[in-house]
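To keep things clear, I will list the structure first and then write my remarks on it.
So that you can tell them apart, the chains are marked A, B, C, D and E in the order they are listed, and the count of residues begins at 1 in each.
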Amino acid sequence: MPGVIVDCAMYRDGRRSPAPEDFSDALDEARAVGDAFLWVGMHEPTEEEFEHVSREFGLHKLAVEDALTAHQRPKLEVYDDSLFVVLKPVVYDDDADTVATGELMVFIGDSFVVTVRHGEGAPLAAVRTRLEQEPEVLRHGPTAVLYAVSDAVVDHYIEVAAELQADLEELEAEVFAPVPPDTRNTAARIYGFKRQVLEFRRATSPLLAPMDRLASGTVPFVHDHAKPFFRDVSDHLTKANEYIEGLDRLLSDALAAHLAQMGVRQNDDMRKISAWAAMAAVPTMVAGIYGMNFDHMPELRHAWGYPAVLVVMAAACLGLHRLFKSRGWL
Amino acid sequence: MPGVIVDCAMYRDGRRSPAPEDFSDALDEARAVGDAFLWVGMHEPTEEEFEHVSREFGLHKLAVEDALTAHQRPKLEVYDDSLFVVLKPVVYDDDADTVATGELMVFIGDSFVVTVRHGEGAPLAAVRTRLEQEPEVLRHGPTAVLYAVSDAVVDHYIEVAAELQADLEELEAEVFAPVPPDTRNTAARIYGFKRQVLEFRRATSPLLAPMDRLASGTVPFVHDHAKPFFRDVSDHLTKANEYIEGLDRLLSDALAAHLAQMGVRQNDDMRKISAWAAMAAVPTMVAGIYGMNFDHMPELRHAWGYPAVLVVMAAACLGLHRLFKSRGWL
Amino acid sequence: MPGVIVDCAMYRDGRRSPAPEDFSDALDEARAVGDAFLWVGMHEPTEEEFEHVSREFGLHKLAVEDALTAHQRPKLEVYDDSLFVVLKPVVYDDDADTVATGELMVFIGDSFVVTVRHGEGAPLAAVRTRLEQEPEVLRHGPTAVLYAVSDAVVDHYIEVAAELQADLEELEAEVFAPVPPDTRNTAARIYGFKRQVLEFRRATSPLLAPMDRLASGTVPFVHDHAKPFFRDVSDHLTKANEYIEGLDRLLSDALAAHLAQMGVRQNDDMRKISAWAAMAAVPTMVAGIYGMNFDHMPELRHAWGYPAVLVVMAAACLGLHRLFKSRGWL
Amino acid sequence: MPGVIVDCAMYRDGRRSPAPEDFSDALDEARAVGDAFLWVGMHEPTEEEFEHVSREFGLHKLAVEDALTAHQRPKLEVYDDSLFVVLKPVVYDDDADTVATGELMVFIGDSFVVTVRHGEGAPLAAVRTRLEQEPEVLRHGPTAVLYAVSDAVVDHYIEVAAELQADLEELEAEVFAPVPPDTRNTAARIYGFKRQVLEFRRATSPLLAPMDRLASGTVPFVHDHAKPFFRDVSDHLTKANEYIEGLDRLLSDALAAHLAQMGVRQNDDMRKISAWAAMAAVPTMVAGIYGMNFDHMPELRHAWGYPAVLVVMAAACLGLHRLFKSRGWL
Amino acid sequence: MPGVIVDCAMYRDGRRSPAPEDFSDALDEARAVGDAFLWVGMHEPTEEEFEHVSREFGLHKLAVEDALTAHQRPKLEVYDDSLFVVLKPVVYDDDADTVATGELMVFIGDSFVVTVRHGEGAPLAAVRTRLEQEPEVLRHGPTAVLYAVSDAVVDHYIEVAAELQADLEELEAEVFAPVPPDTRNTAARIYGFKRQVLEFRRATSPLLAPMDRLASGTVPFVHDHAKPFFRDVSDHLTKANEYIEGLDRLLSDALAAHLAQMGVRQNDDMRKISAWAAMAAVPTMVAGIYGMNFDHMPELRHAWGYPAVLVVMAAACLGLHRLFKSRGWL
């Protein structure tokens, strides 16, 4: 089963310690010792690969099914002999300005933790490394692992939300630029942004209830004194969620403002165009008049007639130009 | 009563077993055996056809009325001696890109299940076949049937939602295409899509409360240990519902973006048209001037006057063309 | 008091039976018999007309005030010795496509029912006739009357909602017609429709809580075993309500789509107009050129000059026509 | 302290009765008598003016602060020895079509009522006069005063809402008029109306919870048997609130419809203008052609050439006119 | 640790009194005395600077982490031996018309208060000064400090909301001005305003639940008799919140009205432009006709032909001008 099990270790008193290779033996030993637990980390296992693990740890059939398929909702399930938590870590792609969600399942039971990761964005290795450097935290067993993992996931939400905030500011600059670079795509960009936000929300919003439950301290397999820690995570999650909802609302407002902006610009362009057209229409009309073939048009016979008319035309154009300028049409 | 009763069988210990043809006798036998139950499947029965069944199984008058008329809301009714559940399976029509809802009523009582199907989209035959291949599930009796049916219906919701998601992506491509194929129908398509989503929601959203109740394990005639299974269905249902609500919101946004897009395009077209009009107005004006009948217009007498004016006209047009190009108007 | 009291009868064991003319005597008799009750039906009584009735039956002062004035909200009031229910029946006027709401007050007490009707749309006579044909229902006394009345009112909601749905479909056809008949009124029609829906909602939405209370079986003067019946009414009411909310949302979407549609059409019209204008501008410009009075314009002297220019003009127009056609502008 | 205390009287058994001038003595007497209470009515007292009263009646410091400053939210505060209720009466200014809110604070304690009025719109004098004519109501003491005051305030809400409804109908007539009188201000009027509605809502919506509490009969200093009366007020308040919310929604819809209407009108105007422009362009083009200076233009030499061309021009204009008429463009 | 600790004092019986310089000693003394407490005020401490304080007072690790980083949500955390409250004071920048939020953390425990301020806008110094002048309030210890601080913060919310209201009125004047000064930025201004309001809401809205909890009197370390005071703060907070929500809604409406307004103005401008174009088109057409080169055009030979045509042109222009004026197009 190499490649799928990313890491598997026994922790005794907060420190990595040698353990029998067989899960069953290791689990028995951990349970015998009391202050020890087993942490198995897996990456996109297939049904067969996961079968062994789930049987050894006695994981519930439905949770196992969920763990094998990606695209789960964040949730917390309490079974008779284990706890199942689904988290959706979020990754921000700097180049495409998009948000991708992965999946992170955590099984917690008596003396064991199994973590299963789908897709990118799960900061499991970093979390394990950090925890191994803090034996006084890791000593609290599976609860500490669950806390550390959810804390890392939720903290990352806030970072990604901040990146989206920066993106929004770019977008705002584009929408309200005095000379818009190319407005053809603004609506598409706002819309695309809204989709990102919706995707993000699907990760954060359903997690609120499970986190509240963990923070209430009434979940089995979770230490009671971890309450304030989960409350802290829950609080950060609420903050991330409010942030995202704010983004969503601002995007709607930005779209409406873009619409209004387009209307203003359209009117400005139309008036400018019309002003120029009016300035061309006047000489054309005057020229038409002196192009008439009446026998008796004294001006036509006058030596200064032609230059005078040219001057009149130019003066009319200039006058209109000034008038339009003063009215702000040009 | 042929044609209406699609299938009727007695299950003993999870396996189809012979039973008396008469409902009453069969039911008595099933009750006597203990670990057995009767499953009657019907398709759009008339009042007379259903009367016999409802009398034999002691179904409640109001539930029977509901079972005979289609267009019910999804619901869960607990009567003294039976449980009545209405589900609304959804079918996606690939050609028309539309969603059709059927009805699926399930009566559950002591040692019997009656399923009544209206319209298309009820995966009952497939569910029965699958259950008959899993005797260890079917052994749990009517509860297992209810679980299998609702699981199948809800899983199909998610599939249909995914199809709608694909449709949405097509629509988005249409809305934000640089050269729109034919925008005359985009608003109509978005609106039609919204209607589909509303129809879909009418099937999924009222089912949330009944599913939660089944997942809470407090419903009579439903085995307590089926709780996690119904919780799983409830969870999938919530996911389908969130999905659909997301679709709905995105469609609203798409409509708003389409409106903004139309504004941008309108402005672009208007400026393009005006630019060409301006380019035609200049030579017309110049020609007007030299069409005047003044006696003293020296240019007219000049041998090179005509070609020079033609060159001026062409140069003016070219100059304007370049100016407009550089400003992005053409 | 003739004309106001529409009908007044004593029911014994589910059947109309002779009773003393005086309310007081009749009520005493009904109470003495036990299985009997008095049903008084009134139509828009004045204060004086109602005074006698309310005193005899000991109706609460506040309920009496409500019963005398129309424009009440649907509600359920429990007083010490009577129950007061306000329903708002809805009538659909086929010609005007409008919805009108009436009022229907029901007082229920120990052995009596008083129904007061304001405006049109109260199906009381029909309900009484139907109930008198079902003695086994009417035997349940005032509770049966309340159920029958509310069932009739709520069922009518669903019918009216279906009529509005049909109206919506007409409206949709108008909004999305390829050649709109006369769009000047579409927005007004959608708005007017929204008002109808709001009016309708004022009748259905406040009734939800009272119906839930009746369905919970905790209301005095209402038989406990009527619970599933009121639950059924409550369920239909919820359905009607969801229907109407769906209508409301669709109307908002239709208005937005209409706006988008208008934008598309405006752009289409503008481009078409501009295309024709461009086609007229070209010959005008060419004619202007050959109308210039230069001495040396060789084309003017040529015998084929004129027909050649005409051909050029026609060719330019035709060319533009084709170009515009191919771009979908014409 | 003249001018601030509008009225101050002792009521014994529902009737105004003589009382010592000093509050303290009067209060002692009222408490001694048992069935008596003191009602002090004040109008915009200053801090000093109110100090005496608040000390005598032992009013809570915070409530006193609130009573001195206007712009409070409607609320109900229960203190150890008094009850403090803030109501916001609403006045409709017929000329300006605006809504103004005042403030009305009621302190209720053992054997006393203090009412403080800020701004216009508090119907206190009328309420007192009416109550003094109904000793059987006033006999219930402070509770009766609180009921009468809140009933008067809430009933006035419904009247004002009806006036706003009438205003809305005027506005609708303006929005959907076939020939709009002057649409320049329609958006401003709708917006101004929305502000009125928001102002109104600030008065009614926060009062819902306090009224529900009074209707639940669990508030100290309020007689238990006044429950149905406060329930009635609460019910009317809910109705007023629903009314206002309906207005708000309709105004949003009216604004959207106005937008759509503007679009339709804009398109109509544009097509009309363009049609007339097209009708002028055709003779201009024809005239241009016959203004060309070709030597060989046989039509020019023809005696009927000129009238024939005039006829052609007129015919073209007429033909276009008919075409446009038939297409509904003119 | 100078510069970070803004002020540190022992209060005995509501009055500043000398205390040992060392926290630990001071705290011991305060606890020994009973009616005394220590108040330490800090400004943006670093981790090291805060470490000493947090260790001495036994502050919870998570609260300490929060106190060190700005950008927290308003909240109330109850730990075993202390209470942690985060407030977000809001400052209005008059020049930029923007809203800035700071942070204010309050730790309350047995006989001590620690306040930590981040950013501007925390009125701590003023609160301390005012409290020191009211020994009868300060006597209530840490609870009084928490009340005074939250009261000051919330009262400032209402002031800032009033300033925003004034800004809104300016904006409204701009949106609905008959001659708009420069509409190019109106949408941007409304949008920017909405952002301010969102920022503001992030400060006020999450504080509602903590304030309600404080007002319920069930929070440890907070005196029970402070209930009405916190209820008062809670009430003001609710008012501020409703105010802000009202602003937000009005801004959405203003944006929609601006859009409608733009449409009206666009139409007005377009008609005006077209009217002038039409007035120029008529003389051009007439001149074109008399510029035709027909041999037989009797008018051309007439001595009064030219002036007559000029008069006709002028008359046509004047007539059109009047017509357009009367129709409100000019």
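The rule is simple: a residue touches a chain if its C-beta (ideal position, glycine included) is under 8 Å from a C-beta of that chain, and two chains touch if they have at least 3 such contacts.
The structure presented is a predicted model; accordingly, all values stated were derived computationally and were not measured.
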Chain labels contacting chain B and also chain C: none
Lowest number of touching-chain links that must be crossed from chain B to chain D: 2
Interface numbering overlap (same over half, different under half) for chain C and chain D: different
Separation of chain D from chain E, taking each centre as the mean of its C-alpha atoms, in whole Å: 26
Averaged-CA centre spacing for the pair chain E and chain B, given as whole angstrom: 41
Shared-contact residues (touching 2 or more other chains) in chain D: 256, 258-259, 263, 266, 270, 277, 281, 284, 288, 291-293, 297
Overall pattern in which the protein chains touch one another (line/ring/star/complete/other): ring
Cyclic chain order - from chain B, heading first toward chain C: B, C, D, E, A
Of all residues in chain D, those that touch chain E in their complex: 60, 62, 66, 72-73, 75, 77, 79, 182-188, 190-191, 194-195, 198, 202, 206, 252, 255-256, 258-259, 262-263, 265-266, 269-270, 273, 276-277, 280-281, 283-284, 287-288, 290-293, 297, 299-303, 305-306, 309-310, 313
Chain E to chain D touching residues, read off their complex: 172, 175-176, 178, 228-229, 231-232, 235, 238-239, 242, 246, 249-250, 253-254, 256-261, 263-264, 266-268, 270-271, 274, 277-278, 281-282, 284-285, 288-289, 291-297, 328
